[in-house]
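Please read through the structure below; I'll follow up with questions.
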Amino acid sequence: MRENRRFDEIRFINIETDFVKHPEGSVLISLGDTKVLCNATIENKVPPFLKGEGSGWVTAEYSMLPRATESRNIREAAKGKLGGRTQEIQRLIGRSLRSVVDLEKLGERSIWIDCDVIQADGGTRTAAITGGFVAMIIALHKLVENNELKEIPVRHYLAAISVGVVDGKVVLDLESKEDFNADTDMNIAGTNHGEFVEIQGTGEKHPFSKKEFYEMLDLAAKGLADLTKAQSEVLSDIFPSTKGMSDNE
Amino acid sequence: MRENRRFDEIRFINIETDFVKHPEGSVLISLGDTKVLCNATIENKVPPFLKGEGSGWVTAEYSMLPRATESRNIREAAKGKLGGRTQEIQRLIGRSLRSVVDLEKLGERSIWIDCDVIQADGGTRTAAITGGFVAMIIALHKLVENNELKEIPVRHYLAAISVGVVDGKVVLDLESKEDFNADTDMNIAGTNHGEFVEIQGTGEKHPFSKKEFYEMLDLAAKGLADLTKAQSEVLSDIFPSTKGMSDNE
Amino acid sequence: MRENRRFDEIRFINIETDFVKHPEGSVLISLGDTKVLCNATIENKVPPFLKGEGSGWVTAEYSMLPRATESRNIREAAKGKLGGRTQEIQRLIGRSLRSVVDLEKLGERSIWIDCDVIQADGGTRTAAITGGFVAMIIALHKLVENNELKEIPVRHYLAAISVGVVDGKVVLDLESKEDFNADTDMNIAGTNHGEFVEIQGTGEKHPFSKKEFYEMLDLAAKGLADLTKAQSEVLSDIFPSTKGMSDNE
Amino acid sequence: MRENRRFDEIRFINIETDFVKHPEGSVLISLGDTKVLCNATIENKVPPFLKGEGSGWVTAEYSMLPRATESRNIREAAKGKLGGRTQEIQRLIGRSLRSVVDLEKLGERSIWIDCDVIQADGGTRTAAITGGFVAMIIALHKLVENNELKEIPVRHYLAAISVGVVDGKVVLDLESKEDFNADTDMNIAGTNHGEFVEIQGTGEKHPFSKKEFYEMLDLAAKGLADLTKAQSEVLSDIFPSTKGMSDNE
Amino acid sequence: MRENRRFDEIRFINIETDFVKHPEGSVLISLGDTKVLCNATIENKVPPFLKGEGSGWVTAEYSMLPRATESRNIREAAKGKLGGRTQEIQRLIGRSLRSVVDLEKLGERSIWIDCDVIQADGGTRTAAITGGFVAMIIALHKLVENNELKEIPVRHYLAAISVGVVDGKVVLDLESKEDFNADTDMNIAGTNHGEFVEIQGTGEKHPFSKKEFYEMLDLAAKGLADLTKAQSEVLSDIFPSTKGMSDNE
Amino acid sequence: MRENRRFDEIRFINIETDFVKHPEGSVLISLGDTKVLCNATIENKVPPFLKGEGSGWVTAEYSMLPRATESRNIREAAKGKLGGRTQEIQRLIGRSLRSVVDLEKLGERSIWIDCDVIQADGGTRTAAITGGFVAMIIALHKLVENNELKEIPVRHYLAAISVGVVDGKVVLDLESKEDFNADTDMNIAGTNHGEFVEIQGTGEKHPFSKKEFYEMLDLAAKGLADLTKAQSEVLSDIFPSTKGMSDNE
């Protein structure tokens, strides 16, 4: 039984901007006890496979500090290689963010989103997407201010949230201890218009039915609305929450 | 427009058993022009984190031969590391297969499923799951024949299929050229009872709506039924297609 | 004592072409229970050390699938490095194939020969050379058909075979169990004109005399004649078995 | 010319404890714009070379977040290896901290000090030592509270500071822009009793004289007194600033 | 045309013992301008695959100093992996030396032969075998002196030499400039009784005939006799040159 | 108690030039039983970060042969990575040597100093600096002889020495057994004019006082004078010992 929170309620969210001074965009996002530092870098070149294509790129890197977790995890730099979980997560973050960016309008630039988990209590990858989006908008806004871009080349707000089945009940935004007991666990990224860009669901302990799946999807939609609202409170001066509406309707 | 195949039709499937003589289970699965060799190995020990827990483990490795693809891809052994795509896929295969195995009944044994793509034309990861399941059942059956296990500790048939939105239309089992043009691409693993164990959907080019998602899910369910039927034609002597029914109902 | 085969007899050989659809040349060679997939790739560039030299290059890669062998061997991609045995073998294959190619006539192109052992029962490196040669000729023939080359720039047929001393007796084409018991083990690559391009003999268990060596060499010459005959049956339409004769005489 | 700060003045220092909830000791140290997160982990085992020796161990790891710096630096985990600078620094931190710990009284335990640079503006390695010391004391104090140790097995306060020759003038606690222009750069770790445990001085641009060296040493001693005073303000409840006095006198 | 040396003559050989003080056996071998430092280490354990088998092991490592060669070659430690050539060579040295050692009489011990090329002018791998043998005998003799072994468990003298076809002529012991121009190049390891343990011949530029091969073998036999004679001059006090005779006859 | 040597005396030093024939400068330096081979290479290009800057570069690599030490140490090439100690040392050697070179006068050239420890008995890194300096001057002199440079672009003689506190007594040039027992250990590089370029002191076992530090510095200055005198005896024909005087005074 979840304490102090309804099954369809996200944890307390805080988005602190300019946490670090050097990056073009810097955000420390807290979702309950999960804290992820998201730094955006603009680079005036693109990866080799895009050279001369007139298109930009968005990519993400994800890492956990050794003591973000309850017991110490060994640094991947010390091991000499990135683990499968890390690669899976950073590919997810990158794909999600790319899905709302107009890469041609971005031009031959790369955006790096570095997501470093300072403290982990479930939902680090979804917090990374939600915070990374804010850092990206702030960085792009600087390009607009410097007249390097005419407008922010982003079509929608984007956030991500987890949803799962715990003790037979569908719940939103799982903490670590819920995550551990979940029969089914799903991470969903979507826009402020109720559309989805990434769905990754796994029923490792129990297969799930279409009905359960529909319930989870609805709950996720609610969570995404709450998160994009929190984003727009931070960003509304530079990126209106009505942004992207016209693209779809 | 897809030639010679309806939008809801899977490609011609062939499951050839005993393709290689040494493995405990060996299957060459062809789905259209996609060919994956799936070899199952039984090992009488478990990974360190399971030692003494009385539980078994299932894990998968995935690799593409350099010329499985139209242009030569560099071997990961030559690069000295596994790429993110490979790790993402082999984690997906492993999780999917584990979801239908009763790990406690398996006992302190590991099952390795090696999936080597001989020829690629879209859907290699889903073919690997579908073929890997058959190789796993054959290997487990040998343990039963040798009286090392009383019965095959597997709860359901398991298969996987891709589904996507191509040119605005939802289609089943994408070939390479469709995959390349897809707005949305989803890989779904599920059982012979219409339940799902893994859903990975990505709308990198276009966000997708709940309605599109529901259509994809229904199409996937049809594809999974076709695939588990093909599996049971090969396996019915040793693993009945009614298997697992009672677990759920 | 060897069953069903004379001491000077090679195993049943089968050369299946076009096993995989993408490569410029694709061959599945079986020599008894040893099966190696040999895929040839033509690339329109050369390694850095040959740039601007007006000469081409031939190189080979060799790998064993994890369950090509009786017990599972760990993937080199997972280990993060190529083992010494693999490197030794792929250098041998590359050197052998280069020895019969006129690299200047080939022009600034590279030929990659990927040799993947599907099933191992002794003699995988020699089968890789014998099958790799056929895949290379098929790939080069496509360049001739496309008018990119005037003729196939290869001087001789090339094959390879093992020979050894088992229980004090010199025998041709060792299977795994013979290989394991051999006092002396030799791999020899040579042409259809009775000449040799690589000899690698090792007497790790017993030094060998000049007399034994002469016997092994004669037996190898017989095996090479049988193998190049089998190659020419597959290739005679595009590459005559009299090829290269005039170069030597 | 340095603004707002005398040549012998350290930057504004802030030591925030319990920044992260999981570690046994957690400190975010800020020295001007340099911010380093120092987390201490207690582990109940020692490295292989100390097994059964009845002695403990202290080790440190150091890393910079990609955008701790003005331009993005590539993650060492992505490169697959630790750079020389990183290894040099983490060895320095480890040696410095070990020098004040009574390893035998610590018993067969390891202390890991993870130092992650959130924001860099010169002096990250010395801030890591100064903050790491505080995190270590907090972690050791928990062992005392849990009756696992009778007292904190540390002989002195320990801090570290940089000192250098900039534009011909000896200055304390160099910021990035000063560091860049320094003729000579020295990092010194020492105790609250005016003794030194590590001195690393480099005159890459200009050799330095004994006289300059003496001046730098005196300035460092002043800086170390200021820093250990700041540490003791945070720690005085659990670790008295008179600690260690009797060991030396 | 070779200067100052007949076609069947080896270069001036010098074997300096005790070049380094720490190893159990240390030899600096010079063959003309090729200088290889061969150090033997005795270790009282065996590799995992031999544990409890009652048998010992001999293994070799080979490395070139960066400026052993005319232009600087990059260190393999800096590259982070051993090249194929290095692995091929160290496997050759190890197999050759093992072939003359009675591993059961050696008992559960390992002998490491470290071969470091100080200066290279052709024939480094064969010099490593010839010098490594001497270092090994010296190290084993110490075990006999310390009563850890009753006698040196080695059956024969062992040396190695190169032979090749240069400008159409068969010559012994090729220097760098000859090696570069050789049509055929062969490395042969053998005993003081005219038997062979390793033959590695390659005709990368030209296939070679049986007749040429016979000539090379005879020349190699002469070279091996000269080399084992030089070894026995150094070792005769501790290891008689008649050693092993009775084993064969 | 030190035998046969006063506390302020360096070990017997020998500098043998032209030890290896290929390098532009080659020196085997012996300091007591410590022997380091230092080879200098001139390369007509600079690292990427200096391209087009009109400035040269000096860099060093350091390695120990496996049996330079009493027990065999594993090759870093075999481990696949450079250890922290190695990297720390080669950075120290590189910085020290760069400090006396006028990189602009050197022009767009790199100097590699390869330091390979043949035999270790304490002080290998300082011997590497002392010997590496001589190898570098010899190599630069060749550029002057070939009219590629007008003069040797080096400002001072440079050497390095260790000094430490052993059994409470400050001593110069520690051997292995002294090093092992030292409370404090310091490596100091300096010029023939009594100035310092690198000081690395560590009091891992005991903090050290300013007074002890001053004593160590004075002892080091004496050692550096002895070493630069030995260097100038070898180099005086090509690089006068008064060199650099005028630069400073």
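Here the chain labels run A, B, C, D, E and F in written order, and each chain numbers its own residues starting at 1.
Going forward, contacts are C-beta pairs under 8 Å (C-beta built on N, C-alpha and C of every residue); 3 or more make two chains touch, one makes a residue touch a chain.
Heads up on the chains, UniProt names are A, B, C, D, E, F = Ribonuclease PH.
Being a predicted model, the structure only gives us computed values, none of them experimental.
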Q. Going by the contact rule set out at the top, which chains touch both chain C (Ribonuclease PH) and chain E (Ribonuclease PH)?
A. none
Q) When every step has to jump to a touching chain, what is the lowest number of steps that links chain B (Ribonuclease PH) to chain E (Ribonuclease PH)? A) 2
(Q) If more than half of the interface residue numbers appear on both sides, call it same; otherwise different. Which is it for chain A (Ribonuclease PH) and chain D (Ribonuclease PH)? (A) same
Q.
Taking each chain's centre as the mean of its CA atoms, which one is most distant from chain A (Ribonuclease PH)?
A. E
**Q.** chain E (Ribonuclease PH)-chain F (Ribonuclease PH) separation of Cα centroids, rounded to whole Å
**A.** 34
Q. Rounded to the nearest whole Å, what is the centre-to-centre distance of chain A (Ribonuclease PH) and chain E (Ribonuclease PH), using the mean of the C-alpha atoms as each centre?
A. 60
Q. If you average the CA atoms of chain C (Ribonuclease PH) and of chain F (Ribonuclease PH), how far apart do the two points sit, in angstrom?
A. 52
Q: Provide the list of chain F (Ribonuclease PH) residues touching at least two other chains, using ranges where the numbers run on.
A: 80-82
Q) Put in order round the ring, from chain A (Ribonuclease PH) and then through chain D (Ribonuclease PH), what are the chains? A) A, D, F, E, C, B
Q: Spell out the part of chain A (Ribonuclease PH) that touches chain B (Ribonuclease PH) in their complex, as residue ranges.
A: 81-85, 87-88, 90-91, 95, 98-100, 156, 186, 190-191, 193-210, 213-214, 217, 221
Q | Sites on chain D (Ribonuclease PH) touched by chain A (Ribonuclease PH) in the complex | A | 20-23, 26, 33, 35, 37, 39, 41, 43, 61, 63, 65-70, 72, 75-82, 86, 112, 114, 116, 118-120
